[in-house]
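In what follows, chain A forms one complex with chain B and a second complex with chain C.
Right, the complex of A and B next:
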């Protein structure tokens, strides 16, 4: 590790260009040999921006994807092979962009949701896509040859607006979080029939008491962190394999491990687990917090970065190629890149 | 500071259903605005004109838009209906303070027209 001493989150770059709030970020998971990290951002200006590092170390916007969505672009996600970018919009569609030869082309538009699409996520296999909406449903799409996408399931169960969907890092298990304060886990029964296999609520599972905004899995798939309007982060033990059909009465479930309270004074909009299992959280109090797991399991605050932005932080994402680099997006229209320094894991 | 702020902001917002301002209808009063400049926080409590007023969310939206346009960006704004003043108070408050729902609502041209109409005397 570089030097020593107390952990510090140093602002390394400030990316400007969006003309409205930035809602979401996505690092390309696979940029090929020699190429540096690539970041996508999207927001209220209805555009998606692609950011790359120049040879001199500065970051620049290499592409602006616009004129496709006619409302806010709320969320974006790269396919596991890094060749496709999905963008989810308040215009109720999800666009698929192909990234080849350094150029972006919109190759498909997924329609079907009745109103705003809030989130999109690719499964680890790359063949399934999930979207969710204010229409209370979660849709699963399967990629077919020739840039065709077929809807294979419409999952009903949430009683309100669904804020985010995220696939498990390697199982075909999908998680959704909602304005109805619950977390739902979905799996198929082997026959392409998708069901809700677990619901985590305040009443039964020490779940959240208000809108759940986001979720994130760790690399190993045995930890999930969720964050909420209730101003807490919750960590869950997700080691039980819910992709397998249940046999007998005594089956395992995902269970609550810990609740982190008192670190944020307003709605926590985003949480993300790094490949080193460091939790980053971003909230409406303009603050970024970092936590690490210690024996128990329990969680220790590594640092609290106040006034990380001038306005609400909507998204925090660790860079897959550099586990000490964190990107944050804000209502202030900027994206910031941070470097975590010091003995963070002591 | 609370008094000046109130005079500047709230007096001219029209109630969407009546030809009077929110101040004239006592929907918003001086006491219902709490400001903490140090913490950059504002909380507005309003009383919808009728208990089942379906326009409560519209009034709340108007208040939020007016505040966003008038306050420095560092301000955090909370809007709520006065406790006991509305049949579905918790549901209305939740919606009014979900900024993603507010953002999507303001992209709806019909709703935006209504909000602009209610705010128009202030920017005349």
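Right, the complex of A and C next:
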């Protein structure tokens, strides 16, 4: 990292190719020694693009996954071992792709949702997959040998469109966020019975007052950030282990730590925590903001990048192999790669 | 002997209470008519609802019968999880109080049955659905044509 100077977010690369808005991004978490980072993007053009860095440092699109979904691909996620890519679509299906012999092949299709699938997430163990949909449900699937997927549970509880699901970084605890303004935490009792173990609302927990669009955990699993149509980011203390069934009256729960207001003038669509615990947020005001945790705990704005894109920013994702590289996706059809330079963590 | 004062009152009373008498007569007629037609209408509604509930439960029981037969022939045809879900569905369908339409739990049990059925068919990859029931959201034309 550069030695001195104020923090800045420098646009390093601009990836074009999608013919419609780009909805979501996913960095491959595990790309074998010697290979560079690999990024997947998906969007309204019903396609998924795979981006890699060439030896000369430029980025190119190495694969286009199309002709499988017949509507927008809304979300994509790599399995923890980096060998499988799940893609969730408005066509109500989730496709599983395997990368073998230099080619991506669709090896399974998960059906069950009644309408648009909004998000897909792999658990850290790699055997569980969660999806959520406008049909207000969250589905949990377990991968079986031979690319078979079994439905473990269909979780009802949200009263509106579920926007995103994300697993805890190492516990089998699932979080979902919704148009119903709430955040729900799900865990099982060890016998495939999944229940909502906590709901974070405006009334009871200083929760959001409008649609919650996204969530992100830090590496340690004790911090979660959520972002909303209410133009705030909220940080939660998630150190309580909700995967264990409660005994008696002693139940710890997740609690609100901080609300970041006034940094974005429009809906915040995406938030992501880097491995250095830097929060990146992307919003409908075309702006990216970066925050870091300071004593308190409270949060300090590192920088605000206005006009990062020409239109709404739908997704921001830190690169796991380079914690100072950030990818952003926008309604303007482009993906941008940014480098964070300077003293960001002072 | 003195004339009983009620003779005067009796004489006037019917005309004074004419409204009320007519009202009561009308009410009695309406009530009796209503009793007959209401009973008939209730019978029709009950038959219709009963048929729908019966048809839906019968559909799930039919699927269960086929699945149980498969398990009898080949115990390992389905995974342990799917077998467990099938058993749970069978228990739920058995527990539905068919003879007690006023049981508060009937809606709840039916929801659980529908959910468990979806979990099983999703795991089996079977496009199986009871046609009569409403979905949680409106199907648009695209969905119907793709089934």
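One rule holds in what follows: the second predicted complex is superposed on the first by the 345 of 346 C-alpha atoms of A that agree within 3 Å, B and C clash if a C-alpha of one lies under 4 Å from a C-alpha of the other, contacts with A are read in each partner's own complex, and residues count from 1 in each chain.
We adopt the following convention: a contact is a pair of C-beta atoms (placed from the backbone, for glycine too) under 8 Å apart; a residue touches a chain by one contact, two chains touch by 3 or more.
Note that the structure is predicted; figures quoted are calculated from it, not measured.
Colleague: After lining up the shared chain so the two structures overlap, which partner does A:239 touch, if you call chain B first and chain C second: first, second, both or neither?
Modeller: After superposition on chain A, A:239 lies in contact with neither partner.
Colleague: Touch test for A:156: chain B only (first), chain C only (second), both, or neither?
Modeller: The second partner, chain C, only.
Colleague: So, does A:192 touch the first partner chain B, the second partner chain C, both, or neither?
Modeller: second
Colleague: Is A:261 contacted by the first partner chain B, the second partner chain C, both or neither?
Modeller: In the superposition, A:261 contacts neither chain B nor chain C.
Colleague: Under the stated touch criterion, which partner chain does A:134 make contact with: chain B (first), chain C (second), both, or neither?
Modeller: Touch partners of A:134: chain B and chain C.
Colleague: If you stack the two complexes on chain A, which partner ends up touching A:312: first (chain B), second (chain C), both, or neither?
Modeller: first
Colleague: Identify the partner contact of A:90: answer first if only chain B is touched, second if only chain C is, both if each is, neither if none is.
Modeller: First partner only.
Colleague: One more residue to check, A:16. First (chain B), second (chain C), both or neither?
Modeller: A:16 sits against neither chain B nor chain C.
Colleague: Chain A residues touched by both chain B and chain C?
Modeller: After superposing on chain A, chain A residues 115, 134 contact both chain B and chain C.
Colleague: Mind pulling up the chain C residues that touch chain A in the complex?
Modeller: These residues of chain C touch chain A: 79, 81-82, 84, 115, 118-120, 122-123, 125, 127, 135-137, 139, 143.
Colleague: Given the complex with chain B, which residues does chain A contribute to the contact?
Modeller: Going through chain A, the ones touching chain B are 21, 44, 71-72, 74, 90, 115-116, 118, 134, 161, 163, 179, 210-211, 229, 266, 284-285, 310-312, 331-332.
Colleague: Can you name the residues of chain A that touch chain C in the complex?
Modeller: 92, 110-112, 114-115, 134-137, 139, 142, 144, 149-154, 156, 192
Colleague: In their complex, what parts of chain B are in touch with chain A?
Modeller: It comes out as residues 73-74, 76, 94, 98-101, 103-104, 107.
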